[in-house]
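One structure is given below, encoded as structure tokens.
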Amino acid sequence: MYVDLTVVPVAAPDDAPVDRVFGRRVLAVIGKTEGNGGVNDFSRALATRAWTEGLSEPALTVMSGGTEGVLSPHVTVVSEGSTSGNGRLAAGFAQTPRLSVEGLGRREQVDAVAAATLEACRNGGFDPRNAHMVLVKCPLLTTEQIVSARGGAVTDDPYLSMARSRAASSLGVALACGEIGGVEADQGLAGDPSVWSAVASASAGIELDRCLVLAFGSRLDPGGQLNAETVVMHDAIDVEEIVALRDRIRAAGGTIVQVFAKAEASPDGRIRGLRHTMLTDTDLSSTRHARAAVGGLLAGVFGRTSIYVSGGAENQGPPGGGPVTVVWQEPTGGGETRR
Amino acid sequence: MYVDLTVVPVAAPDDAPVDRVFGRRVLAVIGKTEGNGGVNDFSRALATRAWTEGLSEPALTVMSGGTEGVLSPHVTVVSEGSTSGNGRLAAGFAQTPRLSVEGLGRREQVDAVAAATLEACRNGGFDPRNAHMVLVKCPLLTTEQIVSARGGAVTDDPYLSMARSRAASSLGVALACGEIGGVEADQGLAGDPSVWSAVASASAGIELDRCLVLAFGSRLDPGGQLNAETVVMHDAIDVEEIVALRDRIRAAGGTIVQVFAKAEASPDGRIRGLRHTMLTDTDLSSTRHARAAVGGLLAGVFGRTSIYVSGGAENQGPPGGGPVTVVWQEPTGGGETRR
Amino acid sequence: MYVDLTVVPVAAPDDAPVDRVFGRRVLAVIGKTEGNGGVNDFSRALATRAWTEGLSEPALTVMSGGTEGVLSPHVTVVSEGSTSGNGRLAAGFAQTPRLSVEGLGRREQVDAVAAATLEACRNGGFDPRNAHMVLVKCPLLTTEQIVSARGGAVTDDPYLSMARSRAASSLGVALACGEIGGVEADQGLAGDPSVWSAVASASAGIELDRCLVLAFGSRLDPGGQLNAETVVMHDAIDVEEIVALRDRIRAAGGTIVQVFAKAEASPDGRIRGLRHTMLTDTDLSSTRHARAAVGGLLAGVFGRTSIYVSGGAENQGPPGGGPVTVVWQEPTGGGETRR
Amino acid sequence: MYVDLTVVPVAAPDDAPVDRVFGRRVLAVIGKTEGNGGVNDFSRALATRAWTEGLSEPALTVMSGGTEGVLSPHVTVVSEGSTSGNGRLAAGFAQTPRLSVEGLGRREQVDAVAAATLEACRNGGFDPRNAHMVLVKCPLLTTEQIVSARGGAVTDDPYLSMARSRAASSLGVALACGEIGGVEADQGLAGDPSVWSAVASASAGIELDRCLVLAFGSRLDPGGQLNAETVVMHDAIDVEEIVALRDRIRAAGGTIVQVFAKAEASPDGRIRGLRHTMLTDTDLSSTRHARAAVGGLLAGVFGRTSIYVSGGAENQGPPGGGPVTVVWQEPTGGGETRR
């Protein structure tokens, strides 16, 4: 299904200005909320509740916590698009069954997400190899679940379970999109950061018990209003290819509608040979550091702060880097930024 | 005096690799240390102690806390430069008398810093109107000092005293460099953010009882190895003029040696009309947010992370923005980046 | 009206086990939620939403953020009590009109809260001089409101506005309960910490635009199941009088149902002559420090962690201390702790 | 050797008032500094540097970070005691060889600490079974060390390495003092929290590459001025036995000189059946929560805030609890608290 995107600023996590999307069939709401993005980030649940209650029909809500630095809280509403343009951007949705506590962060989750990704691409009408961004919202483990598993959980630290869950989800996407095979998936689960997907974007939250998959991709046949392209940042300051894409879009008369990025602290503690301090800061989680820095960079490049930067890029792009998907409107198109 | 700059990465706050500057007469050490940049940031005192003990002769040490996001802990060693090049960058130093507790953040501090700035420019051999960056390291008020003042201190909150001290220092620089007059200085003290200096860069620390002023500027007569230029960011994502300066330097065959920037959260809570959350985050001070974001942006633009980004830009550049000074080496020059 | 209290543990901010209070007429829900207790604590709004939606009839919801240290998230449900016991504890409710942005933290708020407190005591059927605890939930100022007031707000810092709002509310309670007069109220507003109420307990939240007042007190005529007594901690470790009260209740065969306390960092930076570091910690707000410490102390004294400790005790008890109200059930009574 | 203890308040991490201990032979300085107690707590290194430079002869410096809540930064100076009293408290010191990166948190560290503990008790002149408190200061792993070990380190997270190092140190103490055998030590390393020492008190810091062991114990022969007794808290609010000890000491005319405690968040997320939120707080590490809460409780019980509460009690007392050692002066004795 071709889709349109509408970027809607919000005044608080429970601000759901649904009138902004009046008259459209809403498929999904992808939000950045202003919590800490960690285990106890309740801004996500609050926003999910507000949008779910506000929309007249069921829609997927993916709320990612953390608008550090210049980032502005907002939601991107994904709605059914027109069928009369030259754009190729489409989207499809699917979800996994409920995950077991023991299966989180393990092959059970990888395979479940892979199956859901294939289904989502099929629903969207595009080949998984033409996926641009596959958003996965996945569960974490609470202290209670960890205790109930009696040592069977993948980790005994709730905060670390977020990383494990994002990793397994991303490996599932990579498997489905043909980026890796099963052997590499197991290597990735074992902690090999060189196994990664260029299209996965996973975030973990306390309010879920299964994985929700929203896949964006390009259909072969034109018809919609929007297009998308994904580039990979190879470290957290690798901006040249992004600048080049921006300039190409502008030169062709296009209008950038939204930017989706993943950010993380490079696990070896260095960027281009120099030490960073994101991993040794006991006051501030590295995901907050990384979102702030990459958010500042991309906001400067694109001249706006209501962009989607999600932290924790385990197996999503190379170690310390991450994929960036830019969505733009064709010169005579329909996607729009309101308010 | 013409100066050279050497950027030295450090492994910890108490890592002072003084052998890197062997054979140079060191005037100052300007460091970014990895603490929180707030009242209880002891990385500054630790670094000051290590460098002071390590250097063979007295030098000014200005340690600014906070390397959030991609920023890398480092020091910029300012040493006596050659006198045989075409560069014009020079520096001079001065300090104020000890400030009274009641005078901090008030006109006493403004006037003392203005006098010291004039003296520093004179020592550097350049006109105050040609100053590029005037670094001021200034005191803050501790809880004990605030109590001892019995209501006479400018604020009763130690953290806020850092902001007041930076503001008064910056207004003093502006007064000395002819950017404002006395009336505007008083307006600035009263909280008017539209009164600002384009060259001041102030940071506050618990380890001082007076203000230290290190002024950089351009001499009329060429002779050194380095040049500098200051541009102003009008908000925290205002990067176009900086990119243009970078491209001009590169086109002319120059090599960028160091970048000095100030960053702050815009006090009206908005950037280009959209809400940011830096001022309403009780977990994380806005200066940490701002350093991370602006640091990410500038690191991306310049392709390196050992740059100087100092938080808290009260009256240093327009509200929410701040001055950025770029120092570069002439095509056949002597400043260098080691390690 | 005589009241019963039921302490209900919760599994998350949006866990509202309303079946625990089935069959009772609920007057109020007083919760401790697990956010940071600061400006961006969305656990309060989430819990308010969950309980409001869960209860079959309207009830006052007072959610106070912050369960640092050993404290356990819970709600205390206040319901209509029996009329056949020997207890005297009663409660009444009232609210102020909407506060203006300029009036917050000023005499407008003091007088409005005083009037509401008088009304609440009257509704509860007891003399204001016999009040035990007067809970006030009051607004804070957002960055947007501060900007809209163009300098007219009592402070330009959202976090500080919480303190100003708590102070004004507490002074209003003190005025109504005959603890102070109007002159002292103005001194308190001007920052004099020696002006305080022994019964006020105020907390500020982003989700309100007026003050809600729930007053507890002792009626002259016995009839209910519960009794209460308030003692004042003179500093954050002043526990002897509380231990004595506990021992008296136990000796008389009573059962302690709930404990309500206020905690704050002593503003002079010292406790019994020795320095504390709560006010100079840029990583962690002093209210979190204080709740954790006083919560640990009271949990140890009473042997349970589901007690109510609210931070920010401006003008609520002496500087650095705060009032503690202990509610107990008579030997043959009806208040109970469930789950 | 019999020892005396002198508790010295400090004004900052680099405040080392060595005149307070003039004329005594100083064996050790045990400090609580005001950092976050985590990886990037530089207050420890700063204090170590200040005391090392200030003392006229070499002494062991054990600096433990974190004075959350009401706790007051201070040092306890351990000096050579008199030999003419009735007290039995003695102390001895030893250290391990440098630990390998791979050996940290593993059996290598356990055995090295066990050997050093035996040596320290022998140096102190008491049987290891009569040890009261064995302080171990141990290393952590930095990101650089973890990377250099290429997967061989016990964990790839610097913050978690602190916990692993404390656990291995504590198991080594338990082994030496006859509390456990080698099989239990391995179980403890594998994560079994039911294997613990009642006398170990370990803290980890970035400034070390080996373990330092300072053992306190009771000699069979009286001669000094001080005595000590250790009780175990079985959870973080288990205070009754401590209150009883305090009352016994007071009744016998003794004066309490210092209290040493360990604190941690119970790993199952519950205290007496009710949920705590220390482990799911992404903003604030659980060690800071635990120190604040237990510090508040003990400060209330003993009526003073300059007590030693160290966080992270892995295998030091039962899960969620920890040992508490109380040192007191005999009715006619010499240990004292100055300033």
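Here are some notes:
Letters A, B, C and D mark the chains in the order given here, with residues in each chain numbered from 1 onward.
Convention: contacts are C-beta pairs under 8 Å (C-beta built on N, C-alpha and C of every residue); 3 or more make two chains touch, one makes a residue touch a chain.
All values reported here derive from a predicted model rather than from experimental measurement.
In terms of C-beta pairs in contact, the better-connected of the chain pairs A-D and A-B is A-B. The contact pattern of C-D recurs in A-B, the pair among B-D, A-C or A-B where over half of the contact pairs coincide by residue number. Averaging Cα coordinates per chain places subunit A and subunit C 41 Å apart. Work out the mean CA point of subunit A and of subunit D, and you get 44 Å between them.
Averaging C-alpha coordinates per chain places the centre of subunit A 37 Å away from that of subunit B. Looking at subunit A, one finds that residues 11, 34, 36, 40, 144, 275, 277, 280-281, 283-284 touch two or more other chains.
Interchain contacts join each chain to each other chain, per the touch definition above.
Only residues 11-14, 34-35, 40, 42-43, 45-46, 49, 144, 206, 283-284 of subunit A touch subunit C when the two sit together in their complex. Of all residues in subunit C, only 36-41, 142-144, 147, 151, 156-160, 191, 267-269, 275, 277, 279-283, 285 touch subunit B in the complex they form.
Across the complex, subunit B is touched by residues 9, 11, 34, 36, 67-74, 236-239, 271-272, 274-278, 280-281, 283-284, 288-290, 292-297, 299-301, 303-306 of subunit A.
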